[in-house]
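Both complexes below contain chain A, partnered by chain B and then by chain C.
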Partner chain A sequence: MMKITIEHLTRLEGHGHLVIDASNGKLIECRLDIVEVPRFFEGLLQGRHFSDVAPIVARICGVCSNSHSLVSLAATEQALGVDITDQTKGLRTLLAFGEILQSHLLHLYFMAAPDYLGVSSLLPLAKKRRELVMRALRLKRLGNEICEVIGGRAVHPVTLCVGGFSSLPETTALQNLRRRLVDALPDLEATVELFAGFTIPSFSRDTEFLSLTAENAYPLDGDTLVSSDGIRVPVAEYQTVVEEYLVPHSTAKFARASRDTLMVGPLARIKNGLRFLSPMGRSVAAAVELDPATLNPFKIVLARLVEVVHCVEEGIHLIDALLQQGLRRETPQVMPRAGHGAAAIEAPRGTLIHAYEYDRNGCVIHADCLIPTAQNLANIEADLRELIPTLLDLPREDLSRQLQMLVRSYDPCISCSTHLLNIDFV
Partner chain B sequence: MKPRIGFFDFTGCEGCQLSVLNLESQFLELLELVEVVEFREIMDDRADALDIAFVEGSISRATDVKRLQDIRRRSRTLVALGACADTAGVNALSHFRNLSSLKVEIYDNSTLLNDIEQPQPLSAFVLVDARIPGCPIDGKEFLATLQSLIIGREPELPSFSVCVECKLAELPCTFDKEIVCLGPVTRAGCRAQCIEGGDRCRGCRGLVDNPRSAPYHRILEIHGLTEEDILREFRTFNMRGGGK
Partner chain C sequence: MDLVPGEIRVIAVGSPLCGDDGVGAVILDQLRGRPWPQRVRLIDGGTGGIDLLGLMDGAGQVILVDAVDMGRAAGELARFNLQEVRLADENGRSLSLHQAGLAEVLALGRDLGILPPLVIFGIQPQQVDIGAELSPDIAAAVQPAVQAICAEVENCLGI
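Right after this comes the complex of A and B.
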């Protein structure tokens, strides 16, 4: 008889407990209890003016506030019939790269690496392996610098507005960013070396992998949802393929598409868009043995590493393009009107969708959001159910460590997943 | 012995703890001066006793009150980290709606949310020794607060409004664009970042002590704005008490 309860799982965002009950080599119960308090964001948006919506939804999540802002603006712009310029698109993509970098690097070094380095956190290494900790902080800073230059600050951006930007970065700041990205390449190389040296637990379970798809580009944005089970629908029809449902032990809703479980995030993106990775991203993917056949959720950590390399390389090219065009001040014209808009973005943790309906004064009637981590929760539990029986011979401590590593590999953002729940106002 | 500090969170977005981590190289220097003994987002460790606990997030159920009281018992000094902990922040927008109807709309009368009540700031349940306002907090202000606490001085917050910092930065006045700005009544300390970014002040740092409401009304009138315009603006970060 073995019962393991790990309260307030560590090294992840938000609050979850892991409850496992096994006896005679059989798993009786396995739950990821999501105990985060919901904040009813969609309900709170009701009646709010379109100019308030993005700043409010940014507060759903500190670590992906830029993704929430960007997808929110896209949904609002669609509803109000506002077109954005190529310059705005470019700057917003660069901001999305910045967020992926800071979020992935925080996870890679501060949340995942301690498991593989055999420490409880990176902090005790500040003296013994100072170079590693300094490198972690330097790289994380790079992601934040991009967010600061484009969004005005790292958490909860202040320069974004419906239709474009209320303030543009200085050319010199972009030039400086480009230099910083190029200078970071040796640090990236060392990071790849570090992670390629880790022994990733072997385990695999087939599931449905869902992401956006873009024309001839890595699927970081796009207006079509695709999955390994054959889904291909416009984002606006997301509710016809992804179903959210309640489970008794979670204040976050679970989700499914073609089958009982569904994975979104870096591994799903790589599986659906490997050939569109940047050249360096592709070679790192090959070096860490990631390909469309990969089914090991522990390898999501490596998928994150590949995306970091991709975003740095693509970021350099994107800045070049922006500098070549030269930034021009634009004054977006936005008139309120009644309308509906649905948009998606690939946030660090996976496909994030916001959909709004506005009245003719430009105030929210209805809001709906689909959060990456909520889509992954059922998948994490299913992985755990399959993994646990193979580990029951391990000492309790090792077993519990490996289960936490599995949960962590998804980098679940529980703060996010419980703070947006479907509400229908009828 | 180095002061033992910890970071804790309740209902919120963890953006304030992230802002601490975003201090990056300064965070590393910080480790020379203090020992971080608990920080769930990046550490497995737990601590029995702390000198300073920084607590993010608001409180909305009995189990969280118990956990908060436990942190209070373990800590010599407790600091509210950010708007949610300080004033219940953007979470408190739910005070504007009927909570039981929100629960029914979302969970079809499920018992899951029976224990969830309207979010409150930390100070509704425990003694808060110091506070760092803002959504998110400003990293420099965090460092200044920590520094004061370490040398045994009471941390001070600016007692003037965001307008002062806005003028010092020579930014154009938001009211000239006929847009309501909470700068005149909001506590400074953010270097008017939002206004510099082309947005307006949305008041995330709460009201300054003794806000001068008469001149503020006059500004509103001059620009043809109504009290309803301003109230709507307050209903983002200042549902509960405006940070006082």
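Right after this comes the complex of A and C.
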């Protein structure tokens, strides 16, 4: 008889417990308890004017505040019939890249790397491997700088508005940013070398991989959802394919699509959009053996690494294009009207959907947010259920370490996923 | 943020949405109402985690302001430096980089040898529950803290 309860899993965003009960080599119970308090953001939005919506939803999360803002603006613009310019699209894409870099680099160095380096955090490495820790801090700051230049600050952007931007970055700031991205390439190279040297646990489980479509570019935004099980629907019809449901042990919703489990995020994007990775991104993917056939969830960490390289390379090209066009001040015209809008973005952890219904005064009647981590939770539990029986001979500490590594590889953002829910505690 | 090397940075840490944890932000607001020479920078460090290291980088002097549970009477103000406090567990066990606490961040900066000269002004909170109000004892501690921090900055400036 073995019962393991890991309370307050560390090195992930938010608070969860892992509860495992096994006896005679058989797994009896395995639960990822999500214990954060629900935060009711969708209720909070009701009655709010369209101009308040994006700043409020940014507060859903301090890690992906930019993604929530961007997808919120896209949903509102759709509802109000507002078109955005190529300049706005370019700047918003750059901001999305900045956030992917912030989030992925934090995960890679501060959450994932300690597992592979045999330490409990980067702190014990500060003296022994100072260069590695300094590199981690430099890279983490790079993502922040992009978000500061485009969004006005590192989290909870202040320059975005419905229809465009209320304030544009200075040309010199974009030029400096470009220089910073180019200067970061040696650090990226060292990062690839570090992660390529890690022994990733071998495990695989087939599931449904869902992301936005990649028809012309690597999945980032778009209006079609696609999955490895053949889903292909407009984002506006997401509720016809992704079903959210409640489980008693979680304050976050779980979700499923064509089968019981569903994965969104970097690995799903790479499987669906490998051919659209930047040249450097593609070669890193090849070097770490990531391809459309990859089914090992531990490899999501490597998918994140590939996306970091992709975002830096594409970010440089995007800045070049913006500088070449020259930034022009635009004054978006937005009139309130009744309407419905649903938009999606590939946030760092996967497909994020916001849908709003507005009344004729431009105030929210109804809001719905589908959060990446909520879509991944059932998948994480299913992975654990399949992985645990193969590890029961290991010493308890090793078993526990490997299970935590699996949960961490999804980089679950529990704070984000628990704002959704009306819950009855039994 | 264009940080200038050598400047004096007053960095407030904490969340204004978590009761007395917002005391740093309230103090910062009061400080903003005064005239300061260019080489004094007032910064809202938010719940900055490891990003605080970037905010401190290159400063001539940092003055950190935060609600700190010191087991003292609510509202009590303490001025201390790094040598006077025990930071994170040597092996980093307390370090969960999600909500990296101030102690962990300072320990990391210390071990990397990248911390500028630093003093901390800690205010003992009464409660850090969700809510935007300071407890009365903590609200009453704001003015004395502002005076003490002003004196500290003036001292750094050689006034």
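Assume the second predicted complex is superposed on the first by the 419 of 426 C-alpha atoms of A that agree within 3 Å, B and C clash if a C-alpha of one lies under 4 Å from a C-alpha of the other, contacts with A are read in each partner's own complex, and residues count from 1 in each chain.
The rule is short, and it goes like this: a residue touches a chain if its C-beta (ideal position, glycine included) is under 8 Å from a C-beta of that chain, and two chains touch if they have at least 3 such contacts.
Given the structure is predicted, the values throughout are model-derived calculations rather than measurements.
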item	value
Joint occupancy of chain A by chain B and chain C, clash or fit	clash
Partner chain(s) touched by A:Phe110 [first = chain B, second = chain C, both, neither]	both
Touching partner for A:Phe40 - first (chain B), second (chain C), both, neither	first
First, second, both or neither for A:Gly230, with chain B first and chain C second	neither
First, second, both or neither for A:Lys140, with chain B first and chain C second	both
Partner chain in contact with A:Cys61 - chain B first, chain C second, else both or neither	first
First (chain B), second (chain C), both or neither touched by A:Pro248	first
Chain B versus chain C as contact partner of A:Pro395, first or second or both or neither	neither
Which superposed partner A:Gly326 touches (first chain B, second chain C, both, neither)	neither
Touching partner for A:Gly118 - first (chain B), second (chain C), both, neither	neither
Comparing the two partners chain B and chain C, which touches a greater set of residues in chain A	B
Region of chain B that runs into chain C when the structures are aligned on their shared chain, from 24-32, 60-68 or 222-230	24-32
Doubly contacted residues of chain A, that is, touched by chain B and again by chain C	8, 10-14, 62, 106, 110-111, 120-123, 126, 133-134, 137, 140-141, 144, 154-155
Complex contact set, residues of chain C against chain A	1, 46-47, 50-51, 53-54, 88, 90-93, 95-98, 104, 107-108, 111-114
Interface residues, chain B side, partner chain A - complex	10-19, 21-22, 24-25, 27-28, 31, 36, 39-45, 60-61, 64, 89-91, 93-94, 96-97, 102, 105-108, 110, 112-113, 116, 119, 135-136, 193-194, 196-199, 202, 232, 236
For the chain A and chain C complex, residues of the former touching the latter	8, 10-14, 62, 106, 110-111, 119-124, 126-127, 130, 133-134, 137, 140-141, 144, 148, 154-155
Touching residues on chain A, where the partner in the complex is chain B	8, 10-14, 36-40, 43-44, 46, 49, 52, 55-56, 59-63, 65, 102, 106, 110-111, 114, 120-123, 126, 133-134, 137-138, 140-141, 144, 151-159, 161, 165-167, 246, 248, 251, 415-416, 419, 421-425
